[in-house]
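Chain nomenclature is as follows: A, B, C and D, assigned in order of appearance, with residue numbering initiated at 1 for each chain independently.
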Amino acid sequence: MKWFYVTAPAVVLGLVLLPIVYLRGEKEGQYAGKVVKYSSYGAEVKSLDPATCGDTTSAGIQGDFYEGLYTYDWLKRPLEVVPQLAAEMPSISEDGLTYTIKLKGGVKYSANPCFGTGPDGAHKTRTVRADDFVLAYKRVADYHINTGLAWAFLSERVAGLDEWREKSGSYKAGDFSRYDLPVEGVRALDEHTFQIRLRERFPQMIYVLAMSVYAPVPREVVDYWLGTQDDGKGGRRPIPVARRTTEIREAEQVVGTGPYLLKEFRRKSLIVLERNPDFRYEEYPSEGAPGDEQAGLLADKGKRVPFIDVVRMDYVAEDYSAWMRFLTKQTDASGIPKEVFEFVITPGKELEAKWAKRGIRLLKYESPAVYWLVFNVEDPVMGASTSLRQALCLAYDVENHIKVLYNGRGIRAVNILPSSFKTHAVAGPGPYYRLDLEAAKRKMAQAKEELAAAGRLVNGEIPELKLDLPGRDRAVLRMGEFVQQQFGKLGLKLRVIPNDWPGLQEKVHNKQCQIYTMGWHADYPDAENFLQLFYSPNIAKFTNNSNYSNPEFDKLYERARTMPDTPERTEIYVRMVNMISRDCPVLLLSEPLSFVLVYDWVHNVKPHPIGYGYLKYQRLDTALRRARGGR
Amino acid sequence: MSENAAILTVRGLQTHFFTMDGVVKAVDGVSFAVGRRQTFALVGESGCGKSVTALSIMRLVPHPPGRIVAGEVLLDGTSLLALRERQMRQVRGAKVSMIFQEPMTSLNPVYTVGNQIVEAIRLHQRLPGRRARDQAVAVLSQVGIPDPAQRYKEYPHQLSGGMRQRAMIAMALSCDPDLLIADEPTTALDVTIEAQILDLLKRLKAERGLTIMLITHDLAVVAETADVVAVMYASKLVELADVQALFQRPLHPYTQGLFRSLPRLGQKKRRLETIPGSVPNPLAFPAGCKFHPRCLIGAGLERCQTAEPPLRLLQPNHYAACWECPGYAEAPAGDPAAAPIPYHPPEQNEPAD
Amino acid sequence: MLAFILRRLIQAVFTIFGVMLLTFILFRAIPGDVSARYVNPKLGKAARDAWMERHRMNLPLVLNTAVHVQFWKPEFWNTQFFWHLRQSLTFEARSFKTDEKLTKIVAERAKYSLALTVPAMALGWLLALVVACVVAYFRGSWFDYLMTFLAVLGMCVPYLAYMIGVQWFMFNVKPTAAWGLRYPTNIYVPVAIAVIAGVGASVRFYRTVILDEVNRDYVRTAMAKGVPLPGVLFRHVLRNCMLPILTSLVTAIPFLIIGSLLLEQFFGIPGLGPLMLGSINDRDIPIVTNLTFLTAALYTLGLLLTDVLYAVFDPRIRLR
Amino acid sequence: MTISGAPGGADARSLWGDAARRLRRDKAAVACFAVVVLYALIAVVCPFVWSDWADSYDYDNINRPPSLTHPMGTDEFGRSVLQKTLLGASTSMTVGFMANIIAVPLGIVLGAVAGYYGGRLDDLIVWFYTTVASIPGLIRLIAIKFAFAETVLFANTPFEMDLGHGMSGVYIALGMMSWVGTCRLVRAEVMKIRELDYVLAARAVGTPSIVILFRHVVPNVLHIGIINFSLGFVGAISAEVMLSYLGLGVGTGIPSWGAMIDAAKMDLVVGRWWEITSAVAATFLIVLAWNIVGDRLRDALDPRLRTA
């Protein structure tokens, strides 16, 4: 037994010390001499494939290695679309249907094994060609790729693309020969010229072209990374067609033209971006919006970008940990968690002096987005009574919603358009998007009559309503509780059902939800982007989630969507907005106001309301960071 | 060495158990002396405190809840209760050894017999491993275990009950103690094995000059082996005498009751007598003589109900504690711990009655 | 002894089969169709069918009733349950969500979980055992009562409170060690929490086991031999307590692999724990079932190993 | 040294009486039992006293520190944290009680049947609980909670139970998953009792086995049920806290300590200690009390430990 008492503690000690031996920490010398930006992220990156990108987190990260033809100017306001991979703005034919785009010369992808390996073992690269864009559009249209948003903007708009999609469905998912089928409306005229032909006029097309979801994809990536696999002997062997995937997922498969390349991607753990050595020469902008000069945003004009060498993003699940990491200078920037908000921000929405003294700066920006509760109009109860929906809108205390749930970070939404859109002000506030409990109660009486007539009352009462939430975390549940309180004011019972995100999606698509929380972030600064959410053919395309259907609205929408920006179109827009305000398929909540904190060693930060990929302009004063006790 | 020199003297020993239900006086003022090379038997029903007396001598009363609250235990003139725990450990096994009722559970099941004996040897004698092993095998053979070298390597559960008890005895004797306390060593064994073990004890006593303190409830065992007998009832000694005196003329009604309940050759009674009633609850002993509710004589007597009789020397070397014993009133309050009761065995050639 | 081990082996096989059945029922049979979560409904039925086929969700659930008597034909066994069994045993499963192979995921993440749980368990075990022995040594004294009380107190504090408290403390003392694995030594912060939070229950359990054993006859014998108390405790008692202690160690095996779900999430350790939580939320069935199966199988094998080990070390069983 | 009465099992009345007597003398046990009773009282009374608590929001007074009107401050909706904590007792106690009301009888019946009948039935039940036990507890719980996902029992009746999102789902899941310990112990005990003389006697006179089982055997293992009931309470309360943290707990609008701890975990950073402190203290006290009550019950009722 004696051996036991000697060996047991020794073994225990060994086991305890084991992690030190095999757990590689960050090598401290790894980034020596490089400018490293540290940050935390809390939402999961759902997609690394430009075609399947549909959420802001994925778009944010993809923006730094994928680039579209056009982008928004970083500094200028109002927003202005400028060429990115295109050499100049598109030349549009007389009928407004054909867009011909010249590409910049000499734009290279980041080096990757799929382009071959040189004799020195270094991976090769190649320049971007027009047919890479063709492939990108085909992939967006590909039946076998789970493309949501990206496809929604093209379907029924680009000539021949819907037909191509139909055809791609007849191929096996792993059969990539479908990408050789031509598309009528998407063509490479030559190596540097790309052309898109539309079926009907689409004045917003330029904004669509500015989205990075249509970033070029080299065919090599598809054939090499999706078509072959490591054979364990240093070579590659083809993957059987039946076992191929269609989406770009792995870190090493991410091949873009952007200023950064994805060095490491560990799901729910770590993302490392590194400067792309093959990135073309680009200069820091020399002009901006009024006030940018004073804000020091133009100090670096004319310098070559990017400035930062490495971006290290750690997945931090808990808000608490993320905030503490920022406070202890482990990260350079942070949002403000709800709980600490009032300790950081004064009632006047400015930074408290003591935080400013720590070298923290506050950046505020409005996002062109509107949050709302969606009423499923096809639901037997919610659909049967417009008065019920109106009553709920009137009873809902949005001011306190913003105050209690968002610390006042937002403004009350009064119609479905963000206030930065010019149509917003013209349309004016909707009659039911205000707090008036008395009016709500009167409407409620009406609603009961309507529901009674429709036979929806249970024992003479309005049945329990159901609210579906897009998550289970406390912030979301808290909102559910608040909605319960608001509906309770009208004597209504509400059951709150937490869902995971795909679960909610599924329910929404199956029209199983009664009421749920949603929001819309503008994809481009045009009211059409919001109005299409209520166009009834879009029910089938799953963008009209309230299942709102109004022939009059549809007619107006069809008229307006091909119209260029004229007063007449604005007038039609206003009529449509007011229809929504009257019928209340959504309960409008707030337009978000975002707050970001950065330390003073971070330069050239200006949040952009829509575009992505501006990390390249950011500059860090690492000497100051070290002096302040950061890393 | 004088016959009268006591090896063990117990004086006024009180061991109490402090339980949630109250204080249990398991041993309440017990005094006696054990002479060298004697076999001293402590007799009583189960629960009367005889095992606790033995454990108190060894200072092995489980604590909590038990504690020795008063008294004196002298071993060869050394006060055991005054020793520090460390010194006491050197006494245990080396000077006083103990064997227990259940040989099955009293040996550690996960070590070999030899291992456990060697452990005892090496605890008390600085011997190299091989010598200790040889000594263990030797002592195994002394206690009559056949093929001791083989048995040495075996585990307790591989041995029969009798062998196990022999192994226990071997372990107890391995360091050549002066006093062996045997706590009901044969109760768990069947009759033939019992006889063998008793023979073994007798032989060892003769061969090694061992003093044995035998704890038992079995008067037959007492008659077989003991020199001096102490009878215990409800935490106290009620009678103390040499074995012949006690067997010929028990004085205390309890002892008499015990004898009556014993089957005897040549008796015509068809039924054995028993002592009526049961052992009193140690939490609530009756007032006065603790035996009086069951006593054939004292049941109705007022003195028995109110006052507890102390142990008195009624005859030379014969103590008893009963108001109703003839001559008790005038007898001196003898001190049973003062000197061991000498035992003179009957002459071998004298024909047995 | 061979018969004993064989019998336990057969039992273990049955248990493992049971686990596969249970995970199948809980995760596959009950939740119904999950394809809508992974295939955009916009893509229509054919895409959904392709996905179902790819993940073999289109097969009959348990038995192919079309050929129900012809069990010798392979089609009979070509069912979801069969593939579930096969995937469980071969770890061939692929994530619904990311299409990664389970083996790859486990290979990547298990080491972080192990880095946290192995030291925590080893340290916790040693600490608990030593404290329990000391407490048993001083049983009935104020020290015993104090330690037992502390153990109970420690058990009663919610786990979350420990995590929040310790992380808060670390951020104030050494911010780089409060989160993540910038230095390998950072792992000892969550390890410490796991040990502190878990030691109370273990101490109490071990103490009960030891005290139970302390009252046995052979202990009295050892005391009567003059064996000092530490010797009694460590040489005689502990050896006899090994079965419950080993068993309690084995019951912790699942957490070795799966990791401490919350601890890993809180301290930014990219182990299997957060993956498990995330996969449950995403209904990533292959990951959840297979990780569950993995832990359950290891647990069962651990128990088997305990029994065998014990049979080897305990002469009473060894020589049966 | 046998101090008291009959050996356990056979003489049930003296076992219970004896246990009760011992427990009464044990001051700590009495105090803890008093705490449990107090919580139970709070759990029963408070929902009536503050039935409108959920609507007692006051958006002008959110997150206020303790004051005279709100002794433990206010929460994120301006409601009294003290009231919330006390109402949380109702949730905790309901979950603990209901979970064990399901688990313990289930464990006793399965264990007794397995232990008494033996054979194939025993093999089956042992296999079943071994299987269940080999899946880690939390995963087991989450799995069944997810299996419930959209299950609503007795829909559109007054007894409607939303297993996916309501409180009933939590305790039913807990109950369905925590019977294993009881089952194992009861089985072992029943296997011993089965061989006792009075059972053999009953069998000898031809009493049907089901009668023997439930009249003669099960009453003698009830103490295991009682012990496990009290110890199971601790597990249920802790599990509720954990599930609430994972967003799988009782529904919104129902005060729960787990939700409180989760909601307030960041508040500590900015010095808003009152909500998390109240919830942790409330959890701590009841868990401590149940732990000690369960321990002492075990000491008093379990004959094996009683001899120690």
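We adopt the following convention: contacts are C-beta pairs under 8 Å (C-beta built on N, C-alpha and C of every residue); 3 or more make two chains touch, one makes a residue touch a chain.
Because the structure is predicted, anything quoted here is derived from the model rather than measured.
A.B. asks: Farthest from subunit C by Cα centre, which chain is it? Let me know.
C.D. replies: B
A.B. asks: Of all the chains shown, whose C-alpha centre falls nearest the centre of every protein C-alpha atom combined?
C.D. replies: Of the chains present, the most centrally placed is C.
A.B. asks: What is the distance in Å between the mean C-alpha positions of subunit B and subunit C?
C.D. replies: 53
A.B. asks: Quick one: subunit C and subunit D, Cα centre-to-centre, how many Å?
C.D. replies: 23
A.B. asks: Can you check how far apart subunit A and subunit B are, centre to centre, with Cα atoms defining each centre and the answer in Å?
C.D. replies: Between these chains, centre-to-centre, one finds 89 Å.
A.B. asks: Multi-chain contacts only, two chains or more: what residues does subunit D have there?
C.D. replies: In subunit D, 246, 262, 265, 269 touch at least two other chains.
A.B. asks: Check each residue of subunit A and list the ones that touch at least two other chains.
C.D. replies: In subunit A, the residues touching two or more other chains are 318, 320, 324, 472.
A.B. asks: Note which residues of subunit B are touching subunit C in the complex, please.
C.D. replies: Going through subunit B, the ones touching subunit C are 55, 58, 60, 62-65, 86, 89-94, 97-98, 100, 102, 105-112, 119-120, 123-124, 155, 157-158, 168, 171-172.
A.B. asks: What does subunit C use to touch subunit A in their complex?
C.D. replies: Those residues of subunit C that touch subunit A are 36-44, 46-47, 50, 54, 98-99, 108, 111-112, 115-116, 118-119, 122-123, 125-126, 164, 167-168, 171, 175-176, 178-187, 191, 234-235, 239, 265-268, 270, 274-275, 278, 281-283.
A.B. asks: Give the list of subunit A residues in touch with subunit C in this complex.
C.D. replies: The touching residues are 1, 5, 8-9, 11-12, 15-20, 22-26, 44, 143-144, 146-148, 151, 169, 173, 242, 245, 247, 249, 266-270, 314-318, 320-321, 324-325, 327-330, 472, 500, 502-503, 505-506, 509-510, 541-542, 631.
A.B. asks: Note which residues of subunit C are touching subunit D in the complex, please.
C.D. replies: These residues of subunit C touch subunit D: 11, 14-15, 18-19, 21-23, 26-27, 30-31, 152-153, 155-161, 164, 168, 208, 211-212, 215, 254-255, 258, 261-262, 276-277, 280, 283, 288, 292, 295-297, 299-300, 303.
A.B. asks: Report the residues of subunit C in contact with subunit B in the complex, numbered from low to high.
C.D. replies: Touch residues, subunit C against subunit B: 139-140, 215-218, 220-228, 235-236, 239-240, 313-316, 319.
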